[in-house]
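Okay, so chain A shows up in both of these, paired with chain B first and chain C after.
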Partner chain A sequence: MKKLLIYLLGATAVLSGCDRKSDLNIDGKSTDQRLSEALANYQKKLTDAPYGWILTEYTNGTALNGGVTKSGPKAIFSYYMKFDKSNRVSMISDFSPAMSSTFNTSSYFIKATQRPTLIFDTYSYVHVPCDPNVGISQSPYGNGFGWGADFEFSFADNVAATELGDTIHLTGNLNKTRVTLVKATQADQQQYSTVGFAAYSTFGKLLTYFKRVKGGAEEIELAPGLGGRTLNIKTASHPELLNVAIQYTPNSMVLETPIVAGGQTIKSFNNLVWNAGAQNISVSINGTTPAVIDTALDPIAPEKDIASNFYMEGTTNPWLATAGFHVNGVDDAYDILHLTYPGANFYRFVYFPGGVNGGSLDLISPFFVGGSSSYPYLRKGLANTFLGDNGQLIFEMLDYGGIAAPPRLVATNIIFATGKIAPPYAADSPGFYIVRKEDGISYDMVAAGDGLAWMTWSHQ
Partner chain B sequence: MNNMKWNIFRTIILLLVLATGWSACKKENVHLDTIPVGLGGDSTGQTPTDVFIYDSLTVPYNIAVYYKWQPGQLDFPYEIVPPRETQVMPALKALMAITFVPFNDQTGSTVFLRKYLPKVLKMAGSGQYQSNGSIILGQAEGGTAMLLYMINDFTRQIKDSAVLKEMGHTMHHEFGHILNQNIAYPVSFKQITPAYTGNWYNISDQAARKQGFISAYAESDPGEDFVEMVATMLIGGRNGLSGYDDYEKIMAEQTGGPGSDSYELLRAKEAAVVDYYARAWHIDFYELQARCRRALTGYFQ
Partner chain C sequence: MKKIFLVLIITGCAFGVQAQQSATPATDIVKADLKNTLANLDYTDLFMPKIAVSDAQKPAANKIFANYMAARKALWLSTRKNPAVYDQQQPALFNTFKTNLSAVLSTEQMNAFMATKPARGDKKNYLTGLFY
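Let's look at the complex of A and B:
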């Protein structure tokens, strides 16, 4: 009897095991089918927008590579893009003047990873700030890192593709950047197709380090932040710098966080127009107050004793620069990054006051690794440093013979010697202003003669 | 006896019950003719690049090329970017011209490469930057896949010849590993310079060459040493006195020259490599070297 019960139980178990009502199909569709349909819906959402999308990426101020996370400046990257049904995407971006108006076509794909993910899967403008080669990304994070930007983005709104609105939120998969995709209007498309990110290229026409906004409540100084994607803002009444990331549109610069200058809250500079005659830019502050952004040679509120402090700090802890001079709007214009010496590679430009000859000479020369000599061009990179009347550092460059310096180093040394990028040169070099950056530990050395060249120094 | 009958009866009943149960489960229709969703990988529009890859690599060499970014395909978490699409075809053509063709000419057909080449090529636009300051330019994954980095830097211009040479170096290096995985190189090779170190990235190529290693990376372990010899002999090595120099120039200028310990150690390694290719693969390495050199110099513009 007992055994019979066991058999009956066993039989029930076998029979009930055959109840197939709990399969994974929903509405008769398998998981795979539903997944591929969902992905197709996400793609449809992107391709159905007739006038394209405006993608804005906000970095977090961190960049990840090989398990190492570095901190650095934040940045905003803006794109206008159009997705088509055969996985092609064409876009412009605010990364460089060329990219701001020349459309580039590459591919994209929507894939199921942890979440539905939009991947830009061949090289495009989106990858430029991600490029680990600093020669391309111009990233202040150094080789290997890019700007902490992403090119794989997860849909982050937690709703089905069909329920997504005209603003879609994405999150970068590697660096967790925040991204908004906003559906463009016909007017947007018109503007982006004709002038692109014109505000970016217009602002880029002012090539001097210092710029002044005149016409508001108080004159405002704009200077580039680390890596040039943010602005360091000062006024005479507020000499502590405010670092603000900038979002560019076809005709405006929008400040990520509003600033207060001379009692006025500034959210944006709108309607940028380049005046070729006056070589300045007309704007309207917040879209209302007319103003002009002009070039300037001198800092509006220089830090007291900064040049001599910079010199003294260098005597115990040499200053290092990861690249050569920014000249006339071009980062590392003389391509010092690829400066060569047989068998060795450029590592850093070094400024070591009192570093040579028992402290009597200052060293300002490229440092090489991998070769037999660390300073192969040392004899071309010795100097005496003087302090100018307006707080500049002035270099007397000395030539002690030795092997000839390559042209790009010669050009660099001429700037060091003259404080200008081109003749006519003054009898006495105006030297360089030293400007502290937003991180507090990096400094720009700005040519005081014309403001068109600068180099960034730190201890890294 | 009775008991036994009961037992048989019981067993039959049990089998019947189980059979009913199982057959009840067969109600589900299995559509073996329905292709699973997503089989065959992602489908996108065919580009001229895709057509070229199929015709020139997949058909003759049985190789798949992944140039589009796929999450997790390369090392994670590294900041690596995919290649620029316009770079893919020229880079693959160059790779075939300077590394595949000499092997085909030497062995008489595509059979050798078709058999031993890795079945998958993965491409990246940038290098993979390591925290120790070195950059990974190529990798082989157990003889099945080969990773080619820095495709975006590729050019045929002679002034930038280092990029193409670097790519060829990677290919020869990784292919050398694959041949070694099929037929091991002689153990005696490890004894020529036993001083291998994990600290190789703190050593310059010049310093390594003075110690009997053809490059700093060769100093990392005997397997790498062997294939660095192979690659440098076939296409040259970086950080020569005039940039990317060929093997004989490096030997003459950077090792200390004939008679020095380092020079003789490297010549001993060279002999081991030549001997290995002759015995294991019946390939005249010096002939192959000459073919590679001709193919390379002929490719620049």
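Let's look at the complex of A and C:
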């Protein structure tokens, strides 16, 4: 009994030490009031910028979904945004030609989570690279992941909203993307409002896989990186691939990190102008050296024996593609991703050299899951593969009957057979160049006839 | 109570199997399914389209084709960089295949099949991959 009394006294003494301070003791304002004011100040900072903001998001090469992290290519997404006081934000982005000049309005709000957070709460251009549907995000990470981009961002400058400057740093809440918000000038606003991300759409007019920068001491090859948000850069004298992410502005392409190519350090390609007659782009390198970006049909420095090595490697470990051909500037142009067969859905495109007929025939066919047949179009997807004189893989597509292929597969097989996207076709197909990507383990198969179609293969 | 435990155990097993399936590399999935597809392929229809093969003959004939194709592929893979070795060893494989097929098909059917043999090096004829 004595012990119990001692315990009770002790507990009383401890609990009486816990004195709840009033919320009203800082400047006479409650915590809720102070929080609301702080959030209002963040919003004011955004809405008070008369000419809007340029938001640039740098992904870090990983994407999270349901506790699973995937690694992949990095990307930069740029936006020009104008926030208003009624929680609406209008924006353009460099995600697609349409989004680069057509303003979209959605909503946003500032909320206190772990830190003050800018949340884009209705679907907007910011959500597109986050979309789990790979048909929308065009993400090379696969379905469910997007690009590892974010749509909720914490303010990361560790200062009060009233002390924020004209450059604000944010961090993506889920994927930890790095974001800068730079206050736009009147000139910026005028440019974005009139031409949008014109550099993005201008560069996109060159539809061939290989592009050449001509004008310096040595020609420079530009080719798309994985997923198309970076550039793979080579020269004949420096055939090792340099991969760099690109930030687009109304009239420039800014390299995330400067590169040394063709005897010069390149930080940006500025003042892009499309020459409709010559079908090329005039630029100035670093804003000073005039140059032209032109189309090219073949690689500037092909890797030795790459096509035969690619073929041989596939004989024991088939090559897989997550989507169909990129054609004329459009990813998965024939919508192979949505190819169906009764009860089954497209899973991968398979290139399995020697996979059929005791090794004598190669398989180039879509693979399905969920139905009774995994290779329903097997007989339409058999081929002989030959090696071309310039290191191409040339397919002789065979048709051994079976069920009729849907038009989108027929169109795909025509490209495989001809190495081009449209007639006139050569009597002998020029085939495909095989190009190793920046990760070292993925390869693009590029139509050698016109350079306008390519498909990305890897082991998965 | 026992039933609940049983359901929980079965559910747990099902999730385990599912997790295992999703962890399987896509390459292995497409390879395994191709093997399956080829094992169930009607080779008599593919390689002998103009020769009437009865339903009774088909299962045995298809098995012989499938075995030959598997053996031919194994030889092809092991001799990819040395075609001369392949050319040397393939005829023996083909003879075994022919002997086995003769035990299933009639003489007329076999003669008709052998008459479809293409010239060596005729890459446009898919039967080249069967006979050579």
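By our rule, the second predicted complex is superposed on the first by the 436 of 460 C-alpha atoms of A that agree within 3 Å, B and C clash if a C-alpha of one lies under 4 Å from a C-alpha of the other, contacts with A are read in each partner's own complex, and residues count from 1 in each chain.
Just so it is clear, contacts are C-beta pairs under 8 Å (C-beta built on N, C-alpha and C of every residue); 3 or more make two chains touch, one makes a residue touch a chain.
All values reported here derive from a predicted model rather than from experimental measurement.
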item: Which of chain B and chain C A:Ala38 touches, first, second, both or neither; value: neither
item: Chain B versus chain C as contact partner of A:Asn357, first or second or both or neither; value: second
item: Chain B versus chain C as contact partner of A:Leu337, first or second or both or neither; value: neither
item: Which of chain B and chain C A:His459 touches, first, second, both or neither; value: second
item: Chain B versus chain C as contact partner of A:Asn384, first or second or both or neither; value: second
item: Partner chain in contact with A:Ser106 - chain B first, chain C second, else both or neither; value: first
item: Which superposed partner A:Ala217 touches (first chain B, second chain C, both, neither); value: neither
item: Greater residue coverage of chain A in the superposed arrangement, chain B or chain C; value: B
item: Set intersection of chain A contacts, chain C complex versus chain B complex; value: 369
item: Residue numbers on chain C that touch chain A, as the complex places them; value: 25-27, 29-31, 33-34, 36-38, 41, 46, 49, 68-73, 75-77, 80, 123-124, 126, 128-130, 132
item: Chain B to chain A touching residues, read off their complex; value: 10, 13-14, 17-18, 20-22, 24-25, 27-28, 36-38, 42, 44-45, 47, 67-72, 75, 77-85, 87, 125-131, 152, 204-206, 239-243, 254
item: Residue ranges of chain A touching chain C (in the complex, touch as defined); value: 312, 315-318, 320, 347-348, 350, 352, 354-361, 363, 367, 369, 373-375, 378-379, 382, 384, 396, 398, 400-401, 459-460
item: Residues of chain A that touch chain B when the two form their complex; value: 7, 10-11, 14-15, 17-18, 20, 23, 30, 32-33, 35-36, 63-68, 86-88, 106-107, 109, 111, 113, 117, 119-123, 127, 130-133, 143-146, 151-152, 173-174, 340, 342-345, 369-372
